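Shared chain: chain A. Partners: chain B in the first complex, chain C in the second.
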Partner chain A sequence: MKNLQLETGNQKLEEWMAKLKLAAYWAASCGGCDVAILDIHEKILDLAAAADIVFWPIAMDFKYSEVEAMPDGHIDVTLFNGAIRTSENEHLAHLLRAKSKTLVAFGSCAHIGGIPGLANLFTREEIFKRVYHEVPSMANPEKTEPEPKSTVAEGELTIPEFYNTVMTLDQVVDVDYYVPGCPPPPKQIWNVVQAIVSGKLPPKGAVIGASEKTQCDECPRKKQEKKITGFKRIATAQPDPDTCFLEQGFLCLGPVTRGGCDARCMTSGVPCRGCFGSPDGVVDMGAKAISAIASVIEAKDEAEVQRIIEQIPDTLRSFNRFGIPASLIRRKVL
Partner chain B sequence: MKRISIDPITRLEGHGKIDIFLADDGSVANAYFQVPELRGFEKFVEGMPIEEVPRVVSRICGV
Partner chain C sequence: MTFEPKIVGILCNWCSYTGADLAGTSRIKYAPNVRVVRVMCSGRVDPTFILKAFADGADGVLVAGCHPGDCHYIEGNYKTIRRMALLKRMLADYGIEPERFRLEWVSAGEGDRWAQVVNSITEDVRKLGPAKIRPALRKKISAA
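Now for the complex of A and B:
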């Protein structure tokens, strides 16, 4: 500890970081958020030297029973990634909420539902039918589907219930902070770690590790307030690498997406799909996106508007790629 | 029959648990590996424009 040189602002971390108990958990996720934490590279050593990691399935061998045995409020901060897809996800959300002083929805899935939230456009039955019976790689002559309880010769086996609806973390428990991104960029994760350890956190409910402005504010592509008369797809047209995607007619959610990732998609040659969610004050990101896109379309009459709009393929999943569970529609009608 | 549950399996991507059943002499009678997760990519990418699919299915595993 004596060798720790890390500082946040004017405050040395070493005095109180030794007491910090940190946990990270993945619910319905891909592991990318956990790997993004590891992608702070050598700074992970500062973190590990200064904080006790008490639960982190990707990296350390703690069991659920050990979390259950902790007193309430034992963990200082839990970074919870992944959406709530199953009864196990929901159980862990409640468990970690009770055990944590501060619970952070970490990454797009916990924040707004993320890619797993696209499943809300289907029912559980439709998903099971496709996954367990129809896909070409499936051989399932007994037509087995997952059951929460099954009896075998030795006893009963249980697996979690697969819910019909994917939920965000704050739809099942109280959340203190939100860190957006799919995944959150390591630079921002380090900012968040510093804010946590220095105690310099904004009021509860805030989005941290991100900008308050939009992607367009950070995007280096040239913008000229140009109107568009049609939409193109990057599969069939070549975008100019230096010009605003939207002004070239490629659908981009940059205008309605919170910044903070240094426009990592636009600088990689693909338009923004909104993984950071929207800036404060936006009620429904997809609706806001439709409004923003409508404002750049130039058309003489309604028929022309219709013709232009029809050039956007897959509008629902294009305008709500990461946030269906957090949107007003939330899911397909059951 | 005595049961040992390993829940969760750690230090890998994804969710898993193992139930091990022991016979009276302590030997392993049977063991079950269970995957308690599914997200349904097979369904929700259907009908999506092909250029969007790589950016969606890369979220199957982000490790």
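Now for the complex of A and C:
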């Protein structure tokens, strides 16, 4: 508002008076990112003072047609959470890209694929077979499966198409910033909001609301020399609360995961699962995790190595739980 | 036209690359399908390199280094053993056939063994046919 007194016309005045227009959307996601926005607690009032929320399906009643009616670039910032799983997700990604000055991939799913991305280890047919026919709680005698188009007496019905492959937001549209986390921690969300309101944003393409270093940099656990002679699982063994998980033989992705969450899992007694994605410069998080963890396994012959690594039940999902759609191979090869 | 596999070979400078050189100077004839990249040690081979080769269209990847115990840097190839063992499991999770990736030990004196290894992986990959990874990447969305 610094030039307010210099502006004369009413229209210009209104423009200066206008608040930041904010939108939030959920694509293939669980809703946790939206809840995380609310978890900034009473600061939500500051946010409401600084911004007009023009679209936020989980919290307020807006229709897609209202977004479609907006002029291009009308929204200042859109926080887009969720991966791209259906044609509806993709349509909204394109729509919100066009209507937003700044599009933020918000949370692990939009950033690197997230938990929905694990479905890339299956095909659509396998998923439908399991979900609509095999699960014990499913009663589906007519063997119905979702079809994008179906004809009923009243006419043709359409639903969004379910894609074979889950994609990250930036595999579909141009993304300005990334806010990592499953979900992003409220403290970081507030940092991001402040950066947006003040206009102090880094160059396009940056990961914001996170650290440039890894989790180990923030993790308060005692770290000495790492030598893994066997892997344990958190469900069946009791970790020491003060020692590095890896040194105790619990698989922890801290060494290859971007910091910025104040080691919230490690301080709660759980090893890092990698939801923040990798720091800058890492091409494939799973490959880097293999590289890091393998170097501290204490074994020199192949049989001993096999014995130790067989204690990790599921390699890809243990080493790249959140980032398969963003990995080099992206999905199970068909 | 018969399918000629494209195989990326990542060789350590001290043993396997010298071994491949020996195969050349000894005029051993072997399959021309391996494109060789020289690294200083097989311990330098980041699993990312192998995934990148597959993502960029390689039909197979061969990593070769000094025999265990013979590493020029003492410990490098022990790390390779562990990394590649984990990577093999990850490749299986991605649905990539195990025959497409190999870790072999070839010393500087084993020109004939290098030729055998190359012929053997080339035949294995030829039997499998072209890798389906790159087409799968291009076809991001598979429509109904």
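General observations
Convention: the second predicted complex is superposed on the first by the 316 of 334 C-alpha atoms of A that agree within 3 Å, B and C clash if a C-alpha of one lies under 4 Å from a C-alpha of the other, contacts with A are read in each partner's own complex, and residues count from 1 in each chain.
Just so we're on the same page, a contact is a pair of C-beta atoms (placed from the backbone, for glycine too) under 8 Å apart; a residue touches a chain by one contact, two chains touch by 3 or more.
The structure presented is a predicted model; accordingly, all values stated were derived computationally and were not measured.
Using the contact criterion defined above for the overlaid structures, shared-chain residue A:Thr102 touches neither chain B nor chain C, since it reaches no partner.
Once the two complexes are laid over each other on the shared chain, residue contacts for A:Arg317 go to chain B and to chain C alike. Contact with chain B, but none with chain C, is seen for A:Arg273 once the two complexes are overlaid on the shared chain. Within the superposed three-chain model, A:Val283 lies in touch with chain C and out of touch with chain B [touch as defined at top]. Of the two partner chains placed around the shared chain by superposition, neither chain B nor chain C is touched by A:Ser198. Of the two partner chains, chain B and chain C are each touched by A:Leu121.
Contacts of A:Thr86 after superposition on the shared chain: chain B is touched, whereas chain C is not. When the shared chain is aligned, chain B comes close enough to touch A:Leu157, but chain C does not.
By the document's definition of touching, neither partner reaches A:Thr243: not chain B, not chain C. Comparing which residues of chain A touch chain B with which touch chain C, the overlap comprises 121, 314, 317. Partner chain A is touched in their complex by these residues of chain C: 46-48, 50-52, 54-55, 68, 78-79, 81-83, 85-87, 89-90, 92-96, 131-133, 136-137, 140-144. Of all residues in chain A, only 90, 121, 124, 148, 161, 163-165, 167, 171, 283-284, 286-288, 290-291, 293-295, 297, 299-302, 305-306, 309, 312, 314-317, 319, 327-334 touch chain C in the complex they form. Partner chain B is touched in their complex by these residues of chain A: 26, 28-35, 57-65, 85-86, 88, 114-116, 118-119, 121-122, 126-127, 130-131, 135, 146, 152-155, 157, 159-160, 162, 182-183, 233-235, 270, 273, 313-314, 317-318, 321. Those residues of chain B whose C-beta lies close enough to touch chain A in the complex are 1, 3, 6-8, 10-15, 19, 21, 29-30, 32, 34-40, 42-52, 55-56, 59-63.
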